[in-house]
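Two complexes follow with chain A in common, the first pairing it with chain B and the second with chain C.
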Partner chain A sequence: MKHTISALVENKFGVLARISGLFSARGFNIDSLAVGVTEDPQVSRMTIVVNTKDERILEQIKKQLNKLIDVITVIDLTKREFIGRELVLFKVSLDKIKKTNLAKLIKRVEGKIIKTTSKEAIVELSAEQDDIKELFNKLKDAGVKELTRTGRIAISIN
Partner chain B sequence: MKHTISALVENKFGVLARISGLFSARGFNIDSLAVGVTEDPQVSRMTIVVNTKDERILEQIKKQLNKLIDVITVIDLTKREFIGRELVLFKVSLDKIKKTNLAKLIKRVEGKIIKTTSKEAIVELSAEQDDIKELFNKLKDAGVKELTRTGRIAISIN
Partner chain C sequence: MNGSEILLECLKREGVEVIFGYPGGSVLPLFDKLYESDIRFILTRHEQGAAHAADGYARATGKVGVCIATSGPGATNLVTGIATAHMDSIPMIAITGQVKTFLIGNDAFQEADLTGITRSITKHNYLVKDTKELASTIREAFHIASTGRPGPVLIDIPVDVQIGESDFIWPEEVNMRSYQPTFFGHPGQIKKAARLISKAKKPVIYAGGGIIISGASHELKTFTEKLKAPLTWTLMGIGAFPSDHELSLGMLGMHGTAYANHAIMESDLIIAVGARFDDRVTGKIDEFAPHAKIIHIDIDPASISKNVKVDIPIVGDAKNILGQLIEEIKTPPKTLEWFKSIEAWKNKHPMTYKDSSKIKPQYVIEQIYEATNGEAIIATEVGQNQMWAAQWYNYKYPRTYISSGGLGTMGYGFPAAMGAKVGCPDKEVIDIAGDGSIQMNIQELATCVCNKINVKIAILNNGYLGMVRQWQELFYKKRYSHTCISHPDFVKLAESFGAVGILVEKKEDVRPAIEKSLKTDNTVLIDFRIDPEENVFPMVPAGQAINRMIGGMA
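And now, the complex of A and B:
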């Protein structure tokens, strides 16, 4: 099962290494991780997505996270109602597809062309993972030269 | 100076811990880090933003990154032309601001209201950091209850 974990942490060096070390020490691969400062520059928010069959070990990791001195709070959003989003940038070759056709292709998922040169276009998409997968599959035939993504961030709904 | 480093790495456990450890061992704080799988599920792309006055040490870290067995390529985008974007989700209280006014506020930077309840709205913004800062400052007075962000991702323009 996929878990989306949101942690508030002190914005200090070593915190990221310690946290990612907790997961790797138990053989957990992190699907995605995003970390950036919050409204308080002393504090960062980290969103970690892990896929696990072993819920028991994940519970242990969450407890250990909570005990780390630089960790302020840990929430497993999987147990709440939340909105998740991920940002992706695609570099699409304009050899096989024209800009107007590309614009049509990305319309349903509300993607945006943010830059074009004579040879390629940069497409931006912020969406849930299903829409990202859908667009990637559509763009594959046209030719995705490069892709970079943020990993999921998420926010609870009260 | 801010550096945006983009690395392709093997999607294995321990890679993130090793890479973040390289930075923290030298007292480098990471401004933001985003990691997620690429079009090839065996490979992840990591985007790291660091702010440093000591370019010499950063050069050493980049060399060490390149030597890590699980690191495929390392590019310092700062030396190229690139597009950077970051995704932010804001939870805004609707006590002091009405939804229609909120919609006006986020229009210039092309933010989107993606969910509303009677008490709050979730605003999504994918943009460069200056626009994110601008919107945050506008929303602050209305009341930002929570904020989560991905950190910058970036793609080179050829």
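And now, the complex of A and C:
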């Protein structure tokens, strides 16, 4: 099961290394990790998605994160209501698909074409992971030349 | 003030009396100020010796140990010592020089990324990039090292930061939003635990190094006596509870007593205090204490439910929580029946060894115990010597058994003994060593002699890397692959350093040699030629349930 963990950390150099080092040293797997500064410039938020069925490992991940001196708080959003988003950029070949068809295809998931050349289009999508997967499957046949994604960021409701 | 002066002023204000270390290019400005400082500096002969000495000092005194090394190789030589302290939660500050800030990342001469290298073996670490941040960083570092679950903190200081000028501003208080250890147990959890304890029929108290760190020995004794429950300790918990107490079961685990292990396996309630269910304690985890509920008291929440599932976790300081529990428990459990089983195990499987005309290592330890009235601080290396020292000396007080438990660092004991002796000059400090591990940091004989740190070294010399040989004997068909190890003439070696060496080849010479070493006002090394194939028993083979012991069961 995927768990979305949101950690507030001191915005200091080396914090990312401490966290990624913790995951590798203890053999925890990270699905994705996104970092950015918050409304307070001294604080960054890390959104970490981990995939584990084992409650004990999840518990250890949270505790070990909390134990790091530069980590201020750790919240498992999975147990609350939250909005999760991920930004993806696709570079789609226009050999097999026309631009207008591509526009129709992505409209349903509220994607955007942000740049086109004669040969390819760059598509942007900010969505939940299921929508991203769905769009990727549709674009696969047309030919996705490149894909880059940010990993999930999340914010709690209330 | 310049950075080096600020650093030394901070150390003084933190109460640092002694620093162990070694100079080098990237700490020249600091050593220049150290030249006129009134903090005692002990020049070791290897940086690893400095790290272990700072650790031994911390374990013996409860204060923060401090070591210094230069950048690059000096700093990497501290690494084993830092990792050793980290595994055993020892408060230590490691100060390392670093190349100038503008050279960092350029592969400069003697540059190594020490904050990177030590990230997973320190409680926290710092690279100080501005002299202005030095005082607050050092204050924070001591706070982190010595509170909560203690541990080593490394401060990496570039040369230009040591030279840079700044006003000295001493932060009176440390307030960190991201670091707030819990000290008192949650009252709800205390109530739940007390209820469970009152109902228990076969309780066992399992005490670890956390008791010693917290200074909770007195509370532990009161608590145990109130419950009339048997108590077992871990290697790190040796000395937390008097060995000769009627409620004591001795050490548990791989080389623990049979009765401690049987008691754990039959218990219906384990009260773990400041212990972490290490694999050397639990053996096969799926079969560990199958009938027991577990109360786990620890200051580190991450230690709880890490290895075993815990029924009642209580996060906080052992001393406080035991105090809270002593108040809360109104009806102690009825343990009379339980003690009948325990007595039966004690009678059936006492701790014993077969004495002979050869020198048995157990006999040597017993003689050291008698000669010192159990009042000495014993440091150990790692392996058979460490286990025999744990089993055959009766410890009465906390901070008297100094040993690398978690990391199992060979070469630890002698420099740690040196640090302990510096911290406790009025105590006899004896390193119980093997002929393998003593060769790993033997250079510190020079430090001892030069600084008149009169440590005694008892080498249990069997010509083998004994513990590895024991495993090869038992589990690898006696194929003694590279465990037969030669050694120098230890007597001559000691003498060449200006220390005293004594060779003991006969059983009747054991006690006189010990007596002589204790009377000698110098560092003394005794080379006891012990029965070479003596094993440490009882023993639980790795990965087995802890009641499946072999050997030494009479």
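Everything below uses one rule, namely that the second predicted complex is superposed on the first by the 158 of 158 C-alpha atoms of A that agree within 3 Å, B and C clash if a C-alpha of one lies under 4 Å from a C-alpha of the other, contacts with A are read in each partner's own complex, and residues count from 1 in each chain.
Keep this in mind: a residue touches a chain if its C-beta (ideal position, glycine included) is under 8 Å from a C-beta of that chain, and two chains touch if they have at least 3 such contacts.
All of these numbers come straight from a predicted model, not from anything done at the bench.
Trainee: First (chain B), second (chain C), both or neither: which does A:148 touch?
Mentor: first
Trainee: Based on the superposed arrangement, let me know which partner A:17 touches: chain B (first), chain C (second), both, or neither?
Mentor: both
Trainee: Who touches more of chain A, chain B or chain C?
Mentor: Greater contact footprint in residues on chain A: B.
Trainee: Per the contact definition in the header, classify A:69: touching chain B only (first), chain C only (second), both, or neither.
Mentor: A:69 contacts chain C only, not chain B.
Trainee: Could you tell me if A:136 is touching chain B, chain C, both of them or neither one (first, second, both, neither)?
Mentor: Only chain B; A:136 stays clear of chain C.
Trainee: With both complexes superposed on chain A, which partner does A:122 reach: first (chain B), second (chain C), both or neither?
Mentor: Touch status of A:122: first partner only.
Trainee: Considering only the touch criterion stated at the top, classify A:158 as touching first (chain B), second (chain C), both, or neither.
Mentor: So A:158 only meets chain B here.
Trainee: Once the structures are superposed on A, label A:37 by its partner contacts, choosing first (chain B), second (chain C), both or neither.
Mentor: first
Trainee: Regarding the shared-chain residue A:60, is it in contact with chain B (first), chain C (second), both, or neither?
Mentor: Second partner only, chain C.
Trainee: Hey, what residues of chain A end up touching chain B and chain C alike?
Mentor: Shared contact residues on chain A: 14, 17, 21.
Trainee: Which residues of chain A touch chain C in the complex?
Mentor: 9-10, 14, 17-18, 21-22, 25, 56, 59-60, 63-64, 66-67, 69-72
Trainee: Quick one: in the complex, what on chain C touches chain A?
Mentor: 115-116, 119-120, 123-124, 127, 144, 176-179, 300-302, 304-306, 309
Trainee: What does chain B use to touch chain A in their complex?
Mentor: Those in contact with chain A are residues 6, 11-14, 16-17, 20-21, 23-24, 27-39, 45, 47, 83, 85-87, 89, 91, 114-115, 117, 119-120, 122, 124, 126, 136, 140, 144, 146-151, 153-158.
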